[in-house]
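In what comes next, chain A is part of two complexes: it sits with chain B in the first one and with chain C in the second one.
The block that comes next holds the complex of A and B.
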C-alpha cells in the first residue's frame, strides 16, 4: 500500500513497538521515508507522535523492531540528525543566553573536550538570522516569549547542519508570518536533499506545507505523498470520533482554496 | 598560620561544593546532595571495617561507590517503582544513613568514628593533622592537601566536560540525540559529589557540606543569568562565607562549621533581597516606579 521508494530511504522504521509499563503506545509501525522531502506527522493528542520521534532517535527503549537511517544504525549517523524537542521539555529559567542555546547545536560536531570556535558562533548567528532572532542573540532565555523560545530551538536545530531533522511541534506558539517564513526555509532545505520531519497539529495547512504525511494513532494509519494519503477516509481513521468537525476538514481539503484567515474557527485539535 | 590553614581548607571545600552545587540546583537535584552526604555513612564505615584504617583513599573509594548506589537507587525507585523524586530521595538516604548509624554503634569498639564527628566534623582540628616528612619537615595539614586535590580534580572535570555537563543539565534529551549520554554524565557528576562529600566530611562535617553544596550555588543563581559567571560567583561566595564564618566563630568563640553555615544563609538572604536581577527589593522598586510612571 505504501509507494515504493527506489533510492535508499532516509529513514526506515521496521515493526516498531514502544510500550510504557507494558502498555503499547506505538504498535507495529512500519514505514520508509524518502530523502529530500518535507514530511508531516499528524494525529490526535496522545497518538504517539513524540514517542515515534524519540524512539526513532534511540531516546526510548524499543519493545520490538528496529530503525535505520540512511541504511545504517542510528548510532553511526548521530551527527547527521537534528532534533527540536517540544518546548516544554526544558527549564527556560536556566542561566543561558539565546546564543548559548543555539551554540549547543554545534556540540555534536565539536566532539568531546573541544571548545566552541568563532566559526561555530558565525554559524549560530546565521541560523538566528534565518529564524529572525539575530537581534535577540544576547537576550536571556528566561526573557523570551513562547514563540521566541520555539524559534531559538529551531535555530539550534539548524545550527546542527544535519541531513535529517526531527521537529516536535516547532510551530507551537509561533506567529503565522514566522511560520510561513520558516516553512519556506525548510522547503529550501529539502531541495538540498535534506529530510525534514515535522509533528504538526494544524490540519488546514497540511496540504500546503508537506510533501508527505505520516498519519498516526498508536498504529500507523497511513504514510505516503500528501495528495494520495491525506484523504477524508484516512483522517476519519486517524482522528476517529474525536474530530467532530471532520466533515468540515474534508470540505476544506476538497476545496482547493480554503480560508486561511485568522479567526476562522479551526477544527478541534 | 593555623588561621590560614583553616580558612584555606574551608574555602577549598566551599568552592568544590559550590561548583558542583550549581549543577545540582539547575538539575533540580539539590536534595540529592543532601541524600548522598548522609548515605555515604555506611560506605565510610564499611570501608573502615574492611581496610582497618582511616586512610583517605579507601574511604573515598568506599563512599563514592555508595554515592553511586544512592543515585542508582533514587533513579530506580523513581523510574521503576514510579515514586516521586523527592519521596525516593527521602526513602533512600534515610535508610542508608540508618544502616550507617547501626553499623557504627554495632562496631563502636572497633570503629574510631562517631556520629558527631561525621555530622558536625571539626574544622578547628585541621591544623592538628599535619603531613610530616621523614626528617620532620612540616608540609601542612593533611586535609588541606586532600581538599586541594579534590578542588583541582573538580575544576579539571568541569573545564574538560563543560559542554557535556552544560547540555545534559539543560536539555538531556537533546544531548542524547547528539550521542552525548545523559546517564553517563549524570553518574559522573554524582560520583564527583560523593567523592567531594566524603573528602570534606572529615574536616567540616556532613551538615556543613550540605549547606555549602546548596548555599553558595543558590546565591550565585540569584545574582547572574550567565552559567559561567554563576560558577565563578559560587566560588566567590564560598570563599566569602569561609573567611567571614571563621572570624565570626573566633569572635563569638563558637563552632567554625556552624558560623560558616550561618554566613551561607545570611549571604543567600542578602542576595535574595538585593540581587539586581532577581532581588525582592529591586522588583519592589521596579513595580513602584512603574506605578509612579503609569500614574
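The block that comes next holds the complex of A and C.
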C-alpha cells in the first residue's frame, strides 16, 4: 500500500497499538516517512492523531510495536526531535515570560543542572523573530492571545534546532496571514532536509501545504505522497462512516478486562 | 524594659535558637513549597504532613529514644509510602487523585494517632514531648535541632538551585520535558523527596496539622506579586522567614502564645493582604480598574447623548437641561448630575445656569463615540454577517473600548462609509 522509501526513513512505525485504560485507540499502525518532507496527519476528532504523535515520541506506553527514528531507538536521538504540543495541554497562567518558554527549547541541548547562556538567548530571540513574536519576548504568557501562544510554542520547537518536528495542530487559532508565514517557514525547513510532521484539520489546504499525508482514523487508512494518497476514496474511508465495529470491540476489551495485548498476538478483530 | 531590643539583640541563646530555627524552617519550606504549588501538588503536601506521624512513632518505638535522626528517618519512610499509595491508587483504580489523597491522609494519620496513644499509655518516660509533633514546639528548639535544620535547609537550597530550570519546566509542560529526554521520573522523585524532607523538618516547628500552611501559603501569597518564578521563590522565602521571625517574637513577648500557630497566622495575614493589595492580580487594584472603566463609560454615554441631541436639532452647542438629556436616554438623576459635574471639571461641558452645553472638545469626543458605534454596527453587518437588529448592544460596549489605531483600521477596512445599517449618518471630524 505504501510506496517504498529507498533511503533510510526519518521515521518508521511498526505494528504500533496504543490503548487507554485497555481500550485500544490506535490499531496496528505501520508506516515509514521519508526525510526532508512536510507531512500532514489528518483525520476526524478522536481519530488518534495526538495519540500517534505522543506514542511515536515515547510519551505513552505502547501496547505493541516499535518506533525507530533515523533507524535508531527514540532515546538515542532525543536531541534530534522536537515537539509542539496542543496549545490547550498547558496552563498558560504560569509565571513565565514568552522568552522563558522559548528558552525551554534549549534545555535538551543544555542538559541537567546547566544554566541558560547568552548564546541560548540569542537563538531564542532569533526563533521568536522567525515567528514574528520578537516584540513580545518579555510579555507574560498569561497575556497572550491563542495565536500568540501557538507561535510561542512554535518558536520553542525551533529553538531546539532538531531534525524532525512533531506539531500538534500548530494552526489552531492562528490567523490566515500567520498561517501562510509559518507554512513558508516549515517549507524552508524541509528544503534544509528537516522532516516536519503536522496534525492538520483544514482539508482545503492539504494539497497546497503537504508533500505527504498520513490519513488516520483509529487505524491507518493511507500514507504516502499527497498527489497519490489524498484521494476521494481515502477521504471517504477516513471521514465517512464511523468505525463502529472497531470502537465497539475496543469497549468490549475494556469491559471484559481483557489482557492488554499479551506478547505479540494481534487484537481480536 | 524594652522587649524589642532585648529580643533583637539575640543575647539570650534560647531566643537565638528559636528565631534562627523558625526562620530556617519557614524559609526553606516556602522555597520547596513554591514548586509544590506550581506543580499543583498543594494537597499532596498536606497528605505527607499527616502521613509522617506514624513514621515518627515507629522511629521512637524501634530506637527507644527521641533522637531526631531516628524520628526523621521514620517520618521520611512513611511520608514516602503515603505518596506511593496515592500514586498506586490513582493509577490502578478509577479513584481520582483528590479522593485518593483524602483516603491516604486519614488512614495514615489515624494509624499515627493510635500509635501515639499506645506509646503515651506505655509509661515510657522518654516519650514525653512526642506529642509536640502534633502541634509543633518551635518555642522549645535547642542547639541540636538547629544543626539538623541547618543541614536540611542547605540540602534543600542546593537541590533547588541545581534543578531550578528542570523543576520549572516540569511544572509548566511535563510532556514536553519528557519529549526532550529529561529524566522526568527521577526529577519528580527528587522534588517529592524535597517536599517530604521539608515537611519532616517543618512539623517540628508548627506540627502536622499546620504544616501544609507554611509549605503552600508563602507561595500563594508570592504569586500575587510577580510573574517570574525566580522572584516568586525569593518572595515566598522572604514571606516565610518573616513569619518565622514574627511568630517567634510574638511568643517571646507573650509567653502563653504558641510560636507555630502564630507563624501560620502571620503568613496567612500576608497572603490575605496580598490578595487585596497586590498590583494587577489583587482584588483592590482590580476594583479600581473596574471603577475607572465604569466612569469612562458613564462619561462617554452622556457626551454621546448630548451629541445625539445636537444631531437632532442640528446645533451641537445649544444648552440642554438635565430633563432634556434624561428624555433622550434615561439615567438615574443623581448619577447624571454627578457625571455632568465631572465632565465640567474635565472641560467637556460648561454649565450655564441650570443648563449644560458641550464644549468643542466634548463635541468631538461625543462624535467619536457615535462614529465608532455606527462603524462597528456596519462592520458587524457587512463583515460578520450579523443581522442589523442584533448589532446595537455589541456596539454599545465596543464604542468605549476601541483604541485609535483600531478605529483607523476599521475606517480603512470599511472604506470610510457615510451611513450605518440603520441609515444614520456616520460623523467624521471636519478637517480644520
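We adopt the following convention: the second predicted complex is superposed on the first by the 240 of 269 C-alpha atoms of A that agree within 3 Å, B and C clash if a C-alpha of one lies under 4 Å from a C-alpha of the other, contacts with A are read in each partner's own complex, and residues count from 1 in each chain.
Going forward, a contact is a pair of C-beta atoms (placed from the backbone, for glycine too) under 8 Å apart; a residue touches a chain by one contact, two chains touch by 3 or more.
No experiment lies behind these values; they were computed from the predicted model shown.
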item	value
Superposition on chain A - do chain B and chain C clash or fit	clash
Contacts of A:23 with chain B and chain C, given as first, second, both or neither	neither
First (chain B), second (chain C), both or neither touched by A:81	both
Contacts of A:59 with chain B and chain C, given as first, second, both or neither	both
Of the stretches 238-246, 328-336, 364-372 or 418-426 belonging to chain C, the one that collides with chain B	238-246
Doubly contacted residues of chain A, that is, touched by chain B and again by chain C	54, 57-59, 75, 78-79, 81-83, 85, 89-91, 94-97, 100-101, 104, 107-108, 110, 112-113, 115-116, 140, 142, 156, 160
Footprint of chain C on chain A - complex, ascending	54, 57-59, 75, 78-79, 81-83, 85, 89-91, 94-97, 100-101, 104, 107-108, 110, 112-113, 115-116, 140, 142, 156, 160
Chain B-touching residues of chain A, taken from the complex the two chains share	54, 57-59, 75, 78-79, 81-83, 85, 89-91, 94-97, 100-101, 104, 107-108, 110, 112-113, 115-116, 140, 142, 156, 160, 166
Residue numbers on chain B that touch chain A, as the complex places them	26, 28, 160, 163-164, 166-167, 169-171, 173-180, 221, 224-227, 229-230
In the complex, chain C residues that touch chain A	38, 162-163, 165-166, 168-169, 171-173, 175-183, 223, 226-229, 232
